[in-house]
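Below you'll find the structure I mean.
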Amino acid sequence: MTLLSMENVEFAYGKARPVLKDISFSVPRGANVGLVGESGSGKSTLLRLLLGLDSPQKGRILFDGQELKARNAGYMRRYRKRVQAVFQDPYSSLNPAHRILRIVTEPLRSLKLPGDHRQLARDAIEAVGLTPDTLERFPHEFSGGQRQRIAIARAIIARPELVLADEAVSALDLSTRVRVVDLFQDISQAMTMVFVSHDMGVVAALCDQLVVLDRGHIVEAGPTAAILRAPSHPYTQSLLASIPRMPVPAHPNPQDPR
Amino acid sequence: MSTPVTTAPRRRRTNPIHWLGFVLVGVIVLAGLVSFVWTPYALSDMAGGRLEAPNWQHWAGTDRLGRDLFTQLMIGARIALVVGSGAVAIGAAIGITTGVLAAFATRFFDDALAALFDILIAFPTLLIAMLVVAAREEASLGTAILALGIGLSPVVGRVTRILTKRILSQDYITAARVSGTSWPAIVFWHILPNIAPFLGVNLALQFGLAVMAEASLSYLGLGAPPPNASWGRMLQEAQSTVYTAPWGAVLPGLALFTLVIGVNLLADGLRDRFDPTQRGA
Amino acid sequence: MSDLLRVDGLCLATADKSLVEDLSFTIAPGERFGVIGESGSGKSLTALAITGLLPRAIRPSGQISLAGQQVVGASERQLAALRGPAVATVFQEPLTALDPLMPLGRQIALPVQRRLKREGADTSRTAVARDVRLLLDQVRLPDPDRLIHAFPHQVSGGQRQRVAIAMALACRPQLLIADEPTTALDVTTQAEIVKLITALVDELGIALLFISHDLAVVGQVAERVMVMRHGRAVETGPAAKVLTAPDDAYTRKLVDAARRFDTALEGRA
């Protein structure tokens, strides 16, 4: 069952050359879909369209069978209840002037959702592996990984059906990144996720479906395992070949859990 | 990935220089407040001889008509504070509103407002203020405050516009939009708290300029009419006797200097204290 | 053969905080040495200390001997004499490392001129131009005629980084420091730059100090690696060993993490 889809979407900033051309793909309910591309591929623009921050000039975006109407405030309020996002830079995605409680509960307040906001915030912050005293503190007291957990708590507090993540682990150190990827894997059990990234390894670890973008076009899409095993498009092939791999041990490492 | 420079939470010790600002402003505010209930003499009481030097009866000396200068300084403090805060309040109200609007407006209106700010800033504040006074056709304290407030507003507007644009490019604004936060709520919850520390310092600077501009207006005879004793008027009246009785000019000048310096130091200290990126450390 | 670089008991600290503690390692002439570390590990500061470019607030102690010259405590003049013939650096972000208002050709010509003057060679315009051409060739930049007159914003990120490498090579250093040189680049470009740097230092017999947070990239470049954490070296050894059978628990955590994404790429093994 399709939750979200794009049909022949085209988008350009102003009168410039389109950054997205003839984009069609669909996200099944409950799936984790990875949108992969390098700089200039149009992946961030695509995400802005999905977030309703911009509207496509051609084509349409369907969410749960209905067209996304970015200019319709009433529709967008309902849409925001069901679709939330996590951004790349953990240092600029949290307002430095507010306590974490205020930051995490912003969707509840803005969308006028009922319930005990403080309790919901405590649940969300514990779901991302932080302690409730986090809520009383300010963003600058936390590391990058902790901030990204806070941003994830904000994204899941309203129990959305779809979470859109924009390079959400790219700014994190390797050891932190692994743990935040685990967290995403956890929360993705309960919802649909679209994960935009340039990092093929992260997307491969998280997503069961893959959409590969190059210069505004979709060059390849399908199940992750199939694309990794046999990429059909030359761009995907060169992308996969360029990724640096760890040296292979001469004899299998017995300490390796996998 | 380069190693980001992690700033250790700054220690919350107030810099002594900021305390000095607090004390300087405190002295002027105290003098202004006390002037409502007590002054050594009545303002127009010609209690002393002409141009007396500071002495035990007249701590700051007397003017040409034998009026007590300390009394005038105290009343002047009251007027300086009223004019400074009034003008800054008006300037901030107009400037912040237009600045935020410009930052949110379409490209065309943003450019137009930015150009307007620049043109108005190119006019000396004093000149704008004089035009407003002329338009009102009477010199009064209220007119002076209004005039100075309008004169200051383009500077505030320009700073607000730039600061707001910088905040608008932050991810937490996008995050707020995605959370369903309305634009007015974004302005009040995300933009104003984050531009406040920087805007505050600018407004303090404007406060100093307003107080000085009021002195200039009074000096030109366009400020509060007598019997109001503004420091500017005192300076004007002491002009002819500056060689024979220099204290008449030096003391109001010193008072003006004290207030302006004090407000600036205080604003610096407050910014350090309330910088949101440092709060709660 | 004596070491080109010998760091012995290096400590870096600000007035109230220690940033690097008791760090020791050596690099032999022509050796490719990798430093792995996450943010805050002190890896970039170590590179700055070697070139004597530390911010004033950071005080070094211990020994750094580069091409026989002591760096810690050396005068600015002695350091200036080292930068170029002994060491040159390539930084992470080529857009900020290049002067935005100067044509690329001139930016490469400046270090070339300095070197020719130092060597007492011909510094005429034609001699400099010839060397600039040679360098552009060496870093495999296409269309040199256009590039010489182009400004940094007119070329791609990968091309900018090639220009930065050309500028470093123009000094003919004995040691090239590359501080996260591929982090700002796309994967496909990264692969090319990694290949280029490795090939060039081998070809020219230059030693390499390659700093990165990316284990796999360091594994491709370096023969020997050092893993840093919180300003200390936790493990040093041959790259093949450290990256496959690490002794230290922290290194193992990093290796496992990197390997996990590799495994995912193999198709959810």
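Labels A, B and C are assigned to the chains in the order they are written; within every chain, residues are numbered from 1.
Going forward, contacts are C-beta pairs under 8 Å (C-beta built on N, C-alpha and C of every residue); 3 or more make two chains touch, one makes a residue touch a chain.
Please read these numbers as outputs of a predicted model, since none were measured by experiment.
With centres computed from CA atoms alone, A is the chain lying nearest the middle of all the protein shown.
Of all the chains, the one whose CA centre sits at the greatest distance from that of chain B is C. Chain A and chain B have centres, each the mean of its CA atoms, that are 47 Å apart. Separating the CA-averaged centres of chain A and chain C is a span of 34 Å. A straight line joining the Cα centres of chain B and chain C is 52 Å long.
Counting partner chains per residue, chain C has residues 39, 213 touching two or more of them.
For chain A, residues touching at least two other chains, in rising order: 173.
Multi-chain contact residues of chain B (touching two or more other chains): 1. Considering their complex, residues 38-39, 144, 173-178, 198-202, 204-205, 224-225, 228-229, 238-250, 253, 255-258 of chain A touch chain C.
On the chain C side of its complex with chain A, the touching residues are 38-39, 157, 186-188, 190-191, 194, 213-217, 219-220, 239-240, 243-245, 252-269.
On the chain B side of its complex with chain A, the touching residues are 1, 9, 170-172, 174-182, 185, 189-190, 193-194, 276-281.
Partner chain B is touched in their complex by these residues of chain A: 51, 53, 76-77, 80-81, 83-85, 87-89, 92-99, 103, 106-107, 109-111, 137-138, 140-141, 151, 154, 173.
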